[in-house]
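The next part holds the structures, each set out as structure tokens.
Here chain A shows up in two complexes: once beside chain B, once beside chain C.
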Partner chain A sequence: EVPPSCTRGCELCSEYNGCLKCMPKLFILLERNDIRQIGVCLASCPVGYFGVRNPDMNKCNKCRIENCEDCFSRNFCTKCKEGLYAHKGRCYPSCPDGFSLTNGTTECTS
Partner chain B sequence: KALIKVTPLRQEPTGKPITLEGVFAGVRGQAEGRLMQSHPLSLCNTSEDERQDSVFISIVKLESPERQVPQCLSLLEKARLAVKRGAKAVIFDVTDDAGAAVELREALLASGDYLLVVLVQAKDAEVLMGLVNRNEEATVRIEVMVEPPRWPHYD
Partner chain C sequence: AARCAAPCRCDGDGGADCSGRGLGAVPTGLSAFTYYLDLSMNNITELPANVFKNLTYLEELRLAGNDLMSIHPEALSGLHQLKVLMLQNNQLKMVPSAALRNLHALQSLRLDANHITEVPENSFEGLQQLRHLWLDDNNLAEVPVEPLSHLANLQALTLALNRITSVPDHAFANLSSLVVLHLHNNRIREIGKNSFSGLDNLETLDLNFNNLVTFPEAIEALPKLKELGFHSNGIAVIPERAFLRNTLLRTIHLYDNPLSTVGTTAFQNLSELHSLILRGASKMETFPSLTGTVNLESLTLTGTKISAIPASLCEELRLLRTLDLSYNKIKELPRFQGCFHLEEINLQHNRIQQIRGDTFQGLASLHILDLSKNEIKSIDKGAFSSLVALTSLDLSVNALTSVPTTGLRALHQLRLSANLDLKGTLEPRSLPKLRTISVPYAYQCCAFAGCDTIMSSSGDSERKMDTSSKGAGEEVAGERIHLAVHCLPSPGAFKPCEFLLGSWMIRLTVWFICLV
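Right after this comes the complex of A and B.
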């Protein structure tokens, strides 16, 4: 029976820290909620985060690319903020020379 | 010893702060800021817990060693990382990890870092972690406890 402070999928639960270790294949997200920060277990990372798999822990890390809303990895943005265009995993106010928008998308292609 | 004065934000303005006790693990000093929990795993190089805008003091609940929580960094490194992210001081709840107190004292002594690290446990820790668990915003002020002078024994 999982203590109230932990979501399903938690293997090691703490009253104060939430989850400390998730079941295999799941990602741990350290969720900040005002002054609290607890661990929760997810099958995949939410928007704005990318998953990093390691032997001892799978973790959701925040996207750190400029003007990026969602990312596939530390360096590859998959969704730019409104009004910006994605090119090779980065976000630009307009497509670089030699590239143009693909119909109906915000993706620059040659 | 450290004096920890806690003022919950939702408390009456006239209300007196809650006074708790802790122990400085290294240098002694003064600091003030919002109480902010850091999950032990957030103080690892791989995670980029965003810098907080406000002035804050981190509190980290250390789990019992038997639970074998992945350590990722030493406690000194975790304290350094918290300060690097903007914490004015770091409070470690060592209730369930007595060895952590020894580790931190020795590491801070050896490093010579000027890091304000306070250890709390038992009742004092329970009050702080209770605020965290209820997500009650509070301001924490850390001061050096002034021990009352012991009068010399007169015959």
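Right after this comes the complex of A and C.
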């Protein structure tokens, strides 16, 4: 029986920090709760985070690409903020030289 | 109000969250205008035909974390506007190619963390708009070459954490839009010479944690490559001109390889490279040519047989900030004059015998200098004179007889231990900022931390001016220096035994007499 403080999919639960280790193939997301970090197990990382899979641990990492809402990886954006245009995994206020908007999308192509 | 299906929660804008509710099947009664449906983390085991046929406006469908072992070929029919489909963390053994066929608007497809061993040839045929594909953490034994060939617009692909053992020639030939390719944590031993042909726009290639034993020369086909990782493999040799056609490289991760030889011209003309870390290339004897790699800020080259540093180093690497050349066989140092931005130099564990006056001239930004574990006998009097920002100097384990302190006014930490011929005392006034010092002998600490015979009763440290340091033109007349200096070994007024008398008995007797 998993203590109430841990979500489904937790393999190693702690009273103060939520989940310490998730079941295989699930991502652990560290949420902040005042001064504490609470581990939560998820099948997909929330918006603004991207999943990094490794043999020993799958983790949700914050997406830090400028003007990006959602990432595929540390250096590739899948969804730019409103009003910005995506090009090769980056976000631009306007399409780079030599590229233009694909009709009906917010993506620049040659 | 838009209809919602119990027990989901709908936000009124077409979003329906039915995640984590222990559902065994897709709920019915959802609004036809639903554009976002989250069914993740339930217990759904199958998707019957036409189960979403009313949701023609659906753009994002999340089915992650269920127990789907297969998907009916008609399960996803009607979803003409679907852009994002998440099927990760299910029990699929094969890519549901028939079900995916008509998703012509799909841009993101997640199939990661399933048990996929097979990718039917026609799997992605209808997905001309696909941009992002996750196939990592499955059981693929080979690159699905034919299925991938349908994806001309794909920009990001991960095949990491599978059981792929080789990458055949032309494996990604049609993926001319691909920007990111992750292949880490597989068992790749061989990469064909033309494996990456066609990847004209690839910027990131991750080959970390594989079984490569030869350098992946196929990267020649990647003119736009910016980030390359092949750390944690079995590569012993980096060939000459290894990155000749990858001039945009910014980052190369190659640690944790049994490197023995590195081509002298391997790292030339990489004008975007900021950091280069080469450890333990044990057979390397010549310093690599870094001509054209002009923006390097950090260079680590350790554990080689290199015995000389090119005199032109600082003419080429003007932006260098950290230089670690420890654990080589370097005998002589060039002038580092052109490297104005240098903040840290580590030359520990080499064979340096002397430091000339001009070696470190002009390095006004240098903070840390480690020359420990060399064979340094002499240091020119003015060698440190322009190191105005130096805070840490390690000269321990050398053969010094004296140490010039001119210019070391900012020094916080000085290490001189294990210089057995260094018997003179240092003058604290020339090191006003000193906080910690280690010296060869206990009596030398008396100048910094006070010994019983010298301290006055008020406990303040009054120092006699040492004329030799006055001669250096720096005089601190009449200033009372309160020295909170931590000195090792702990101060002891007496010189070492071999200086004075032979036996401990005599030394204890003398102490006893002193105390009585």
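Quick note on the criterion: the second predicted complex is superposed on the first by the 106 of 110 C-alpha atoms of A that agree within 3 Å, B and C clash if a C-alpha of one lies under 4 Å from a C-alpha of the other, contacts with A are read in each partner's own complex, and residues count from 1 in each chain.
The rule is short, and it goes like this: a residue touches a chain if its C-beta (ideal position, glycine included) is under 8 Å from a C-beta of that chain, and two chains touch if they have at least 3 such contacts.
This is a predicted model, so every value here is computed, not measured.
Asks: Quick one: chain B and chain C on chain A, clash or fit?
Replies: Aligned on chain A, chain C fits beside chain B.
Asks: Considering only the touch criterion stated at the top, classify A:N67 as touching first (chain B), second (chain C), both, or neither.
Replies: So A:N67 meets neither chain B nor chain C here.
Asks: According to the stated criteria, A:A43 is in contact with first (chain B), second (chain C), both, or neither; which is it?
Replies: So A:A43 only meets chain C here.
Asks: When the two structures are overlaid on chain A, which partner does A:I28 contact: first (chain B), second (chain C), both, or neither?
Replies: first
Asks: Look at A:K59 in the shared chain and tell me whether it touches chain B only, chain C only, both, or neither; answer first, second, both or neither.
Replies: So A:K59 only meets chain B here.
Asks: Put simply, what angle do chain B and chain C open at chain A, by C-alpha centres, to the nearest 10°?
Replies: 70
Asks: Would you check which partner chain A:T106 touches, where first means chain B only, second means chain C only, and both and neither mean what they say?
Replies: A:T106 sits against neither chain B nor chain C.
Asks: Once chain A of both complexes is superposed, is A:N75 in touch with chain B (first), chain C (second), both, or neither?
Replies: The second partner, chain C, only.
Asks: For the overlaid complexes, name the partner, chain B or chain C, with more touching residues on chain A.
Replies: Of chain B and chain C, more residues of chain A lie in contact with B.
Asks: Determine the nearest approach in Å between the Cα atoms of chain B and those of chain C after overlaying the two structures.
Replies: 10
Asks: Report, in rising order, the residues of chain A that make contact with chain B in one complex and with chain C in the other.
Replies: The overlap between the chain B and chain C interfaces on chain A comprises residues 54.
Asks: Where on chain B does chain A make contact in their complex?
Replies: 34-42, 46-50, 61, 63, 67-70, 93, 129, 131-133, 135-138
Asks: In their complex, what parts of chain C are in touch with chain A?
Replies: 20, 40-41, 62, 64-65, 86, 88-89, 108, 110, 112-113, 131-132, 136-137, 155-156, 158, 160-161, 179-180, 182, 185, 201, 203-204, 209, 227
Asks: Can you list the chain A residues touching chain C in their complex?
Replies: 8-9, 25-26, 42-44, 51, 53-55, 58, 72-73, 75-76, 78, 88-89
Asks: With touch defined as at the start, can you tell me which chain A residues reach chain B in the complex?
Replies: For chain A paired with chain B, touching residues are 5, 12, 14-18, 20-21, 28, 30, 32-39, 52, 54, 56-57, 59, 61-62, 64.
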